[in-house]
Amino acid sequence: MFECEPEITAHREVAPGTYLMTLREASIAKQARPGQFVMLRAFSGMDPLLRRPFSICGRIGEDAFGVLYRVVGRGTAVLAKQRTGDRIQVLGPLGNGFQTGPASGSFILAGGGVGVAPLFFLAQTLLGQGDRTPAFLAGFSGKQEVLSPGDVLQLDLEAEIATEDGTLGHAGPVTDLLEPHLAVCAEQGNKTTVCACGPPAMLERVAALARAAGASCQVSLESAMACGLGACLGCTVHAAPQEGIPYLRVCREGPVFPAEAVDWSRAGAGWS
Amino acid sequence: MFECEPEITAHREVAPGTYLMTLREASIAKQARPGQFVMLRAFSGMDPLLRRPFSICGRIGEDAFGVLYRVVGRGTAVLAKQRTGDRIQVLGPLGNGFQTGPASGSFILAGGGVGVAPLFFLAQTLLGQGDRTPAFLAGFSGKQEVLSPGDVLQLDLEAEIATEDGTLGHAGPVTDLLEPHLAVCAEQGNKTTVCACGPPAMLERVAALARAAGASCQVSLESAMACGLGACLGCTVHAAPQEGIPYLRVCREGPVFPAEAVDWSRAGAGWS
Amino acid sequence: MNEMDPDLTVRVGPLRLKNPVLAASGTFGYGREFEPLFDPALLGGIVVKGLSLEPRAGNPPPRIVETPCGMLNAIGLANIGVKRFLEEKLPWLQRLDTTVVVNIYGHSVEEYGEVAGALRGVEGIDALEVNISCPNVKQGGMAFCTDPMMSARVTETVLERSDKPVIVKLSPNVTDIREPALAVEKAGAHALSLINTITGMVVDVEARRPALANVKGGLSGPAIRPVAVRMVYEVVEAVRIPVIGVGGIATAKDALEFLITGARAVEVGTAGFADPLATLKILDGLSGFCRSRGIDRVEDLIGTLETDRRF
Amino acid sequence: MNEMDPDLTVRVGPLRLKNPVLAASGTFGYGREFEPLFDPALLGGIVVKGLSLEPRAGNPPPRIVETPCGMLNAIGLANIGVKRFLEEKLPWLQRLDTTVVVNIYGHSVEEYGEVAGALRGVEGIDALEVNISCPNVKQGGMAFCTDPMMSARVTETVLERSDKPVIVKLSPNVTDIREPALAVEKAGAHALSLINTITGMVVDVEARRPALANVKGGLSGPAIRPVAVRMVYEVVEAVRIPVIGVGGIATAKDALEFLITGARAVEVGTAGFADPLATLKILDGLSGFCRSRGIDRVEDLIGTLETDRRF
């Protein structure tokens, strides 16, 4: 874990309102595992005050990593104003990433919107491990919003796309794409792992489908954060009853959780 | 008076920690009179909160005006980060400027440090009125800090320089330069006006010298400001007893005051 | 007005405001100071600088200092007194086509009554806002608000002497804001406004002195907004008279926090220093919010906060 | 240590701290969370998360929301309880070469006593900080602080059951902070720390719901600093026991405001979220300030505020 002030070595809008920021910080780039995140701050005054959490979306070159983010509020608006050559405050890598283990079996990655970010990193890592090419399913509101692993990270990986408005790929939610894949896996008796990131409602549906198909499922959750270090207890989500504790810290026990650890009936409490 | 968001058309460091910012806003450039000021804000969050007051240091070209400022704290540090092409919030022109009137007579302008800013504008205006070339006396801590009307505003006017450390011009306070000028004026029986801006202690001394020499004296004062419009009553200075009111608002009755309106024994209460 | 424009009028007890955004006392002078920038009649109302019977010089400088997302002020209720107010400021205010509220202040219960009496029958003043909450003066001021009995007595006295709707402005510097709120309601006030500033202090570490000559000052600006929203929430739950929300409002979203919580109007103070057009932008934003959500009348938003738990 | 380095040690009643900068309760976990970033033993001390007799789950999410220059939290004193604290957290703390303060909390006067009793004789705990001021729990908490009699009773009970120096942490949500301060001093507390958070609320205007599941939360961060400085000023004037300043400290200059006002040490909370190295930077800045002004001992700065008027 490092607290540093790296230089922005590239920064571009990859879809309307969505940016890819490249930060040169070898220490973080080398240590980070897919699913981990960084806390960023690019404000000079005390307002906004808190750092914002963002998944690491992949390694870029030898010594840099990427952050793929959508402008939704004041913090991300300030980020978007930073220029190449500026330095920003970075803390990371933080949290627990996806468990890829030494185990074999097939991976299905399912992302919704900018939730593809940690999955890009995961795909990059799996691709780097030889014949672990995952299936990559990604859903967006429309064609304009599409973020593909090739465009963003130059990964040699074709994504299956779903759009809500039907302007590209399958018309409907990304979970429509997941069902046939799970069916195939179930048929082949493969050990299948679904890794997902996106809005809570999507994750809940992914978790349910995976469970039904007997696949294991890991989800990357979001919540408002203050410290990112497990110290403030601000970022909790409701744990599933069998966890034995009422709440899980997204920054410490997560952000990636086994789907069955989460109380889905009360997930998403953080965001209206 | 205008509230606008003009573009920064030029921005450069003219001495260490002192910047000249050119703002393209014809409305303000045309209406402004020497001694008037603008309130600037270049922060995106709410911290720092308040606009900062700066004298207009002169007209630049047809449709722009200049602000000459020193970085002393957070607000000015943010200003210094702005780049050409950026837009900032500007309110002005505000306050009462120097009274140059139709009257003839000679002008002596005496500035201390970045206090030369409003005097540059005054000199520019006097020069534009034909044969009213003023004497321009300016004091700085050292050679490095010197701001000259020629360098900053391309004015065809030679300044007499004093530096505290003696690295350029007269070694000593700017008031040393003032005395001989006042003596000449007094000798010639000229109607003389001294216009001054700088630290309170310097202004007090200038006022005393002018009074002794029978010259009239106008000073530009500073104080912390919130509104700049006369509404908050936050920017007051102690008035001289004969004013009949206890306090004067720097933003409204000033920032330029006849020296005799100010209670010099209690001036500078605002700054440690 | 465009057909599609939402109806922004609000009722605050006996008052009917053209919209819910007022300029807060002490931050808008006597109204005219902002005239070069925009027509003050666009606002729902203006509350003028606190007025006392006699002119007051106010505190020595420095009177203001910036703080994180806020500022301290210790103006000390400097004002020109009732007589000059009526002569010099009122005529312009009388011609102004919006609600004019005069904020009043006294050193004693009796003086509150005298100021109210002096404004009795005066045309062009639509309401009084009684400041029982200023922390910047030695006598009276906040003491009137921290003691519910005194709050009630001031209110009664003003009501007796006045022919105008009386809004009482509460101080946040209390353990339980519902106590003065209930006392003032019981005394007959037509409405409440809250909050005034929170007492604070800044030290100039170079000089090792307080940054303000008065040592302490009143904290205002966005920094205090969460405290103001909380207190409005507590008060609207406790009283039946209308509440005007004040404290740290800088954007339409901020104003909406108060309206949704149950304030029937808002006052904007410090934000007007950071942006003199803040009030107008808030108005635009309120219209936009209503329009985009098909809300015809801003009154339909007031008090719509849901507090039952979802999860 | 360089010969020229100023002496940063401070005495806080019976405690001797290696420097005046502590990590505030609830913002530094059990100390170990920040270990990957820096050695917590560099600090003057650490105050661990509020501890109750039994484990507490805390409030449902959302528990935090950002505000202008601050944040609201309604963690609800989630903690692992005394038993697990002693087993799992204490051993690491015992090896830590700095002052360890345990912040304690009870639902009743008796429970405060029980927590204090459970920590009696335990090595590696240098002091207790008694939180009588948390606004995020229904029972007890703030109620103990808003009633000076209760504040005194909690203090007495803890003192009876404890063998450690007792610091009582006061709530700012009171009309006059000197009242609980004096009551607690009289009850025998060794020191006071102030302030805890100011109760606030944020409304999510899209959802028309409170942003926090708990509705209200505690405001912390730079926004509240002027209020904290003011209260420290009021309390150091009123009491003789040492005071620790807390609230919105983010820079050395901020810490100096409190020390100059008379606090003998400071705690840093929320600023550590914006910058996890804030405490270390504050320490550096304090040394630098002293060095550049020829001040040998930081203690020489404490309480040097001049308040006589110059003008």
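Note that the chains are named A, B, C and D in the order they appear, and that numbering of residues resets to 1 at the start of each chain.
Heads up, the rule we're going with is that a contact is a pair of C-beta atoms (placed from the backbone, for glycine too) under 8 Å apart; a residue touches a chain by one contact, two chains touch by 3 or more.
These numbers were taken from a predicted model, which means no experiment stands behind them.
Chains making contact with subunit A as well as with subunit B: C, D. Among the other chains, the CA centroid farthest from that of subunit A is the one of B. Of the two chain pairs considered here, B-D and A-D, the higher C-beta contact count falls to A-D.
Taking each chain's centre as the mean of its C-alpha atoms, subunit A lies 46 Å from subunit C.
For this pair, subunit A with subunit D, the centres built from the Cα atoms lie 36 Å apart. Between subunit C and subunit D, the centres computed from C-alpha atoms are 34 Å apart. Each of the following residues of subunit D touches two or more other chains: 60-61, 68-70, 207, 209, 213, 221-222, 310-311.
Residue positions of subunit B with contacts to 2 or more other chains are 46-48, 238, 266, 269. If you draw each protein chain as a dot and join the dots that touch, every dot ends up joined to every other dot. Chain contact summary for the complex, subunit D toward subunit B: residues 68-69, 222, 310-311. Interface residues of subunit C facing subunit D in the complex, by the touch rule stated above, are 60-61, 67-70, 72, 146, 173-176, 198-203, 205, 207-210, 213, 215-217, 219, 221-227, 229-230, 233, 248, 253, 256-257, 260-261, 289, 304-307, 309-311. By the touch criterion stated above, subunit B contacts subunit D in their complex at residues 46-47, 238, 265-266, 269. Only residues 26-29, 33-34, 36-37, 49, 57-58, 60-66, 68-71, 73, 75, 78, 204, 206-207, 209, 213, 221-222, 250, 270, 272-277 of subunit D touch subunit A when the two sit together in their complex. Residues 1, 3, 41, 46-51, 89, 91, 223-227, 229-238, 245-247, 266, 269-270, 272 of subunit B are the ones touching subunit C in the complex.
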